[in-house]
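What follows is a group of structures, each given as structure tokens.
Shared chain: chain A. Partners: chain B in the first complex, chain C in the second.
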Partner chain A sequence: MNDQWIIFENVSKFYGEILGVNRVNLTIAPGITSLVGPNGSGKTTLMNLMTGLIQPTRGRMSVLGVSPSNPQELFRKVGYCGQFDSFPKGMTGYEFVKSFLAVHGLSPKEAEEKTWRAIERVDLVEAAHRKVAAYSKGMRQRIRLAQSIAHEPVVMILDEPLNGLDPMARAETIRLFRQLAQGGQLLIISSHILHEVDKMSDRVVLINNGYILAEGGVLGVREEKLEEHPMQIMIRCDRPQEFASRVFASDSVVEATLHQDKQGLFIKTRNADAFYQLLNRVVVENGINVDSVSPVDDDLNAVYHYLIGSNGGSS
Partner chain B sequence: MRAAVEAQAIESVAAGREWSLWMRQIRAILRIEVKKNFWGKRALLIYLLAAIPVLLTFLLTFVDPKASADIRRNWTSAQEVFAMLIYRGLILQTIVYFGCAWIFMNLFRGEVVDRSLHYYFLCSLRREVLVAGKYISGLVASTVLFTLTTAGSLFFLYYARGYQASMNYLFDGPGLKQCLAYVGITILACVGYGAVFMVIGLFFRNPIIPALLAYGWEWINYLLPPLLKKISIIHYLHSLSPIPVSEGPLATVVDPTPAWISIPSMIVFTAAVLILASVRIRRMEIRYGNE
Partner chain C sequence: MAVYEHTYKPYEGKLTSAWSRFLVLPRYAYQDLFKYKLFTALFVLCYVCPLIYTILIYLRHNVSALAIFGANASDIARELPIGGTFFFIFTVIQTLLSFIFTVIVGPVLISRDLANNALPLYLCRPFSRFEYIIGKMSVLMILLSAITLVPGLLLFLFQSYLEGGGWMAENWWIASAIFTLSFLTLVMLALLAMAFSAWIKWRTAASAALFAVLIIPFPVGFSIQGLFNTTVGHLLSPIMAFISLAKLLFRLEWTDAILTSGEAWFVFAAYAAICLLMLSRKVRAYEVVS
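Let's turn to the complex of A and B:
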């Protein structure tokens, strides 16, 4: 198992007296995993630890069985697209990608082929021979992405990879991530753009103030918080008051609130499955016309709000 | 027995592959770094620095007829002045020293300032190989520039003496040997100072202060007692000088260290400093925000 997963064992990192992350125990499986948390929560610290750019104060890690202190082995498997928006001076996009492929030890021919393949994937072929200094922010982001995927790593670590991209480029990039994940790659992505993280991630890791607050599938994490934050479901129907009175008696319903327009109601429940069964029964028995039933807070945004937002974090 | 032999053969093939990979990687680093060292904005200062002695000897030869006549009249004294003031004082202890400081300290520190060092750290590359690649790139830049400075200065010195006399001295006298010795000392200075400045650049956030302290130590070397004198680079470089020169009335007199000790000592010292640099870089973290 060790050689397919990323494992953190009781990892802490302090910058002098400032806490980076504390006592992180985490196992990241293949697929797309998103690191979510406010600025300064420890996302970049975790990524820098995984790639050996910084070293843990305590604990140990392995990436597919390789220690981050062994860069020669690690970066045969790992590509990291960090947030540093800086480049070696005077290089074109093509030179930038190719030069560092050569540093990986690839032959000139192999480096050339892989450079073009990566540049094509990020759609920068036309600008490849322009100086990186003349690129827009989005283009710089894409050429860094190309540089990090060019050696075809199995693990991709991407720190805010959607920053600076226009909506079209974002959609393209998310599609690229999905392709990579479907090809068996392990992707770790940090992002502030919650609805996009929600769409593309198989799992999320919520982090705040250096501590891991929750990890797993978005729905799984949401269900863990049902006791504290019952699930909210909105029902659009013709007789919301009657519906409310019928369901309120059930143990599964915590709260029922009428919508302002009197055309629907909000139900809070700690047992969504039981509530849906009750809903079917009430509708059939009382002939209530239901237009729509939709959960209001079973997404990452809600999970983030419940776990971090209330602590003063921002997305 | 046969299995053991096979295992040994496999190990040696693997080791051979590793070496060939490291050589390829060093070549790739050199392609990036040499270009940067020669054509980057930071190179401009080095070109200016390297041109000073050449310009000075050019002016002495072509602009000051008295100096030119003095060189022709008293060649021995001219050689001593060149060895003491121009080569030792200006080229070796100032131009090569500060030139190497600038080139080698910037190999890592410059990249930290530019926030681009992490691209190397994110390659499938042993950090020791990175140290070797960067050091060699600095060596290429410094030796090319400063041997040209040395050769250029010598050229104008010999030019002032006149074509025929210079040719005779070069090819029928000790001239060629002396010129090669000067060039050799310059290369050795780049080797030694380069390693020291690279390691200073790795250990100190502001490497100027340790570089100036080391400069002071090298300058007062002639005043130091014999044992301390040997804890410097300049002592070994002076020992190789083709023209023995006096260090002045205040100097502590010490026999020059023979070349067969000076040269290997410098190489061993450089290797030790590079090992220190490798240990340091293995622990180095990328935290640009704190630089």
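Let's turn to the complex of A and C:
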């Protein structure tokens, strides 16, 4: 399976005495994997390690069976879109994408064809022959995305790819990511926009101060924190006090709090499945009218909050 | 759980050979440079001297043309001997012009990429730091070759053709001198320009540094010689190394070589090593320094 996954084995990176990442053991499978963590947590370091832009101080890693220290082979498979708004001076969007395809070794004809295909995918055809310096931030983000997908890599490493995009462009870009992932490509995305990460990712890697705190599906990670942080569920119903008194006797319920408007309540539980069964029974037996049942903290935002201790400035 | 259809197919078409990929950098650099009319005009002006030299060589071998000007062929042959000095002067003139081009093109070669944080963009390709440096170096090397090396050797061939009678076989050392001295100068200028470009972001300062490193050690060497009666100070000067090597290669009899051939090569090697060290320290893909 080594040739289908990205594998980190006990990888550490120090910048002098400053820790980049420490003792990272990670296996990244096809689909969309998001790296989530506050600024300076080590997300970009992890991405730079994957792309061979920096060498690990300790440990080893492979990207689909290829060592990052072998750029010739690695970058046939990998496309990288860094977080910095960087471009060689004076190029148009078209030239920017095409010139780097030439560096990849594509003939001028092939490079031209693939350049247009990539530019079409990010919806920048009309602006293709304008100078990148005259692009808006969102356009620059999109053209960088185009250059990273143009050579049709199987692995795409995208550092903050949604930064600077307006809501429409974000939705389009997320759709493109899902499309690529469904085709079997492996996407690694770092982002601060937690609700969008939550929406598009198959799994997340939470990182803080250079250490991996958790990895896996958001719900899986959330369940692992149930003991420490019971799950909160909000129930809107006509008789919240009575509902609270009925369910509170159950072992699965840790806490029940009435909502300020007296039209609902918050339940904290360490066993959501058992609670949902209890809820059904209580509702049927007592004839309580329930308007809605919704988990409050089973999303990435909550997981981030519980593991890292702040919302990380997420939007 | 996500279900993947695995419709993805990687690119399986033909690729250009890996060794030639560094040429992408000069290709785009020239597109950019020759957009400026002033630069193109300056480049064309660099061919005035080769043109004059071509005319001189032609006239020297054309009795009827000389007759038009009322000149005698044997007088001209005596006044205008075509040998080491003739080609040395040509090489010096063209080298000075190539220095001007180095000052124009060199300081922004790497500094722009560093300032724009564009280095990781290059290094995120099947492209190594070495290839990046070779690519950037070739921007200057190809351009300066077109001013110095190529016209010099073409003039030599033209003279050989017109002179005939084994002139080429007798004077092959001139071609060798043109090639060695021009190539060495190009490598030195390119390395110095790139090293300063990597370390100094401000174009004017980089140009001034380039100028200073090439010019200042020359009088310093003479000052040290005057004060301490030693030629060691000349080991600092690439210009003195150039003159000394030129004297030997072009077999010049009208000037003294202060440095020996070995010392001249040592100066070039030392400067090249320092430049490569400076480049290896700066040309890195780091994006994050915390």
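To be clear about the criterion, the second predicted complex is superposed on the first by the 309 of 315 C-alpha atoms of A that agree within 3 Å, B and C clash if a C-alpha of one lies under 4 Å from a C-alpha of the other, contacts with A are read in each partner's own complex, and residues count from 1 in each chain.
The working rule: a residue touches a chain if its C-beta (ideal position, glycine included) is under 8 Å from a C-beta of that chain, and two chains touch if they have at least 3 such contacts.
Values in this document were obtained by computation on a predicted structure and should not be read as measured data.
Superposition model on chain A: chain B and chain C are shown in a clashing arrangement. Touch criterion met: A:Thr44 reaches chain C, while chain B stays clear of it. In the superposition on chain A, A:Arg170 makes contact with neither chain B nor chain C. In the superposed model, A:Pro30 makes contact with chain C only, not with chain B.
For chain A, the partner with contacts to more residues, out of chain B and chain C, is C. In the superposition on chain A, A:His151 contacts both chain B and chain C.
Using the contact criterion defined above for the overlaid structures, shared-chain residue A:Phe84 touches chain B and also reaches chain C.
Legend: residue contacts after superposition of the two complexes on their common chain; A:Gln55 is shown touching chain B, with no touch to chain C. Of the two partner chains placed around the shared chain by superposition, chain B and chain C are both touched by A:Val103. 15, 48, 51, 53-54, 71-76, 79-80, 82, 84, 86-90, 99-100, 102-105, 107, 147-148, 151 are the residues of chain A that lie in the contact sets of both chain B and chain C, per the superposition on chain A.
Listed in rising order, the residues of chain B touching chain A in the complex are 21, 24-25, 27-29, 31-32, 35-36, 39-41, 111, 114-116, 118-127, 282-283, 285-288, 290.
Remark: chain A residues 15, 48, 51-55, 69, 71-76, 79-80, 82, 84, 86-90, 99-100, 102-105, 107, 147-148, 151 touch chain B in the complex.
On the side of chain A, the complex with chain C involves touching residues 15, 18, 20, 30-31, 40, 44-45, 48, 51, 53-54, 71-80, 82-91, 95, 99-100, 102-107, 110, 114, 147-148, 151-154, 180-185, 202. Interface of chain C with chain A (complex): residues 2, 4-11, 13-18, 21, 24, 27-28, 32, 112-113, 116-118, 120-128, 285-290.
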